[in-house]
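Take a look at these structures.
Below, chain A partners chain B and then partners chain C, in two separate complexes.
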Partner chain A sequence: MDKQADIVVRLQTIFREELDLPNLQISSHSTPDDVDGWDSLATIRIVAAVEREFDREFEAAQIESIRSVGDLISMIAV
Partner chain B sequence: MSTASSLIDEQRFPQLASLMRTQYERTPAHRNYLETRFSHASAEDFTTLEELASQIRQIAGPRLGEICDGYDFICKIVREEEIFFRRKGRYRLQTFEEANRLVYSDTEYMGRYMDGLLLTQIYWSNHTACYQFYRNVFLKQAPASYDYLEIGPGHGLLIYQALKDERSGSVKGWDVSKASIGQTWDALTVMGMSGKKPELVLQDLYAVPDDSAKFDCLTFSEVLEHLEDPKGALVKLRSLLKPAGRLFVNVPINSPAPDHLYLLRSPEEAVDAVRAAGFEIERAEFFPMTNHTMEQARKHKLTISACIIARPN
Partner chain C sequence: MSSPARPELIFDHVGLVVQDLTSGFANVCSLLPIVAATRVYDDQVLGVSVQFLRDAGGVMFELIAPLGDNSPVAKIAASGRGVLNQIAYRVGNLAAAADYFRARGATPTGAAKPAIAFDGAPVQFFLTKEFVVVELIESEGASREFVPV
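Moving on, here comes the complex of A and B:
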């Protein structure tokens, strides 16, 4: 599995848990407009879970700029 | 895209519809969240929301747009605190001195923060539910000619309900901030005082002498979480009640904000804190964060508003 695919799989687990959507399928194109319950506070919970999962800490400005799963992937992959 | 809400009947709820039009024009990013919030509102909720919108528009006057911007501001600063809370499992500030130095003394910041808070009475369903509980349960069951005191009346929306209640006797408000008292006074002036004279005074709860006047109804809404010594405050409140007097406490659980110090991790902790200060619980109701169920709120440690009515035991 390539690096991006691995990130998406791990992100999907986090999104399913944080948004209580056990069957959710995400892709790099997923945005708050097409995922139920993904509001700005949910983004914070997702980011906190991502930080724990990937052992990273992001800047406030990076977190504020998240508009899609792709944005999260880019932040993690750096 | 139209800036009108697709869920609010403009004929029946013109004040609310107009407010939302202004909000969506100024901050379109909040539209999805707020439309979802209104999709969960009942017919009774819409009636309450229309009343609140009318009062808030009176208070706002020509500053309505600015106040809508304040809502965007409060969302931003809450997100900043939320990330700290998620990482560390606690609120950022621990002492009143820190809150005073970093938050309360910054007049411009506080102004925008208070503007945003005013609109959360409508936009955050747990805040609306607390307002309904206060009015429909707490005030409704108060005795005839009741003596009323609110500590920290702030935006004035709660004390206004007591003031316009024809069953109320004396109506008082205490605050430690002269600016807050001025804000409450201005709000009551524009909303109308129903021929009564509320007494709004600068008074520190902790400094009240033991032989102070006693009250039938004490309101302590969204104050406890700002205190370094919440237990001492609750004990003091008990001493201010008549023997059959009733206390209304509204306190948020897991609710990071720039000036919140007292972290309660469950609604039961809030009830236990009130009980431990010498009260028996008459009724307690809990309301989860907007657009979430109570089950989700408990599972993910989201904000829950705890409303408690208690009597001295």
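Moving on, here comes the complex of A and C:
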């Protein structure tokens, strides 16, 4: 499994837990507009979980710029 | 390395998200002992319209309604999830308070921004580990003018 695929798998686990959607399928193109329950509060819960999962701490401006799963992947992969 | 000391945090208000301020104001005033209110502040930068209310016990509420297509509270207002939205505190130094919150596991929702309702004073929001949103306002005291309702 390549690095991006591994990130997506781990992100999918986080999204499923934070949004309480056990069958949710995400891709790098997923956005709040096409994922049920993904609102601004959910974004921050997801970011907090991502920071724990990947042992990272993002800048406030980075967090604010998240518009898609792809944005999260880019932040993690740096 | 030692953790930053806790800054002085002065309670300011509880934020409630409503679908619109007209009906939200009427509903809250009919239910709670609201005695005074401010004017409405439309804040294009934060994407919200807000109005502050004070109850008979001196507790301050902020009604928050979506403003614009990309308002951060649009989905919350529509879904009803998370409408008891935030607890706000005033601080003397936002950067220092932000460091303190970050060091204790709170996650910023974004960078600090000026807020019209606080005369352009910077505000920043954090989600605590208990999933409580805390707004920090760099202001010694608000100049909001209340009138009886």
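Side notes on the structure shown:
Everything that follows uses one rule, which is that the second predicted complex is superposed on the first by the 78 of 78 C-alpha atoms of A that agree within 3 Å, B and C clash if a C-alpha of one lies under 4 Å from a C-alpha of the other, contacts with A are read in each partner's own complex, and residues count from 1 in each chain.
The working rule: contacts are C-beta pairs under 8 Å (C-beta built on N, C-alpha and C of every residue); 3 or more make two chains touch, one makes a residue touch a chain.
These numbers come from a predicted model, not from an experiment.
Look at A:Ile14: by the touch rule set out above, it reaches neither chain B nor chain C.
In the superposed model, A:Ser40 lies in contact with both chain B and chain C. By the touch criterion stated above, A:Leu72 is placed in contact with neither chain B nor chain C.
When the two structures are aligned on the shared chain, A:Ile26 is found in touch with neither chain B nor chain C.
In the superposition on chain A, contact of A:Ala60 is made with both chain B and chain C. Residue overlap on chain A between the chain B contacts of one complex and the chain C contacts of the other covers 32, 37, 39-41, 44-45, 47-48, 51, 57, 60, 63-64. In the complex of the two chains, the chain C residues touching chain A come out as 72-73, 75-76, 79, 81-82, 98, 102, 105, 107-112, 124, 127, 129, 131, 133.
Taken in their complex, chain A has these residues touching chain C: 32, 37, 39-41, 43-45, 47-48, 51, 57, 60-61, 63-64.
The residues of chain B lying in touch with chain A in their complex are 32-33, 75-76, 78-80, 82-83, 86-87, 289, 291-292, 296, 299-300, 302. By the touch rule above, chain A contacts chain B in their complex via residues 18, 20, 32-33, 37, 39-41, 44-45, 47-48, 51, 57, 60, 63-64.
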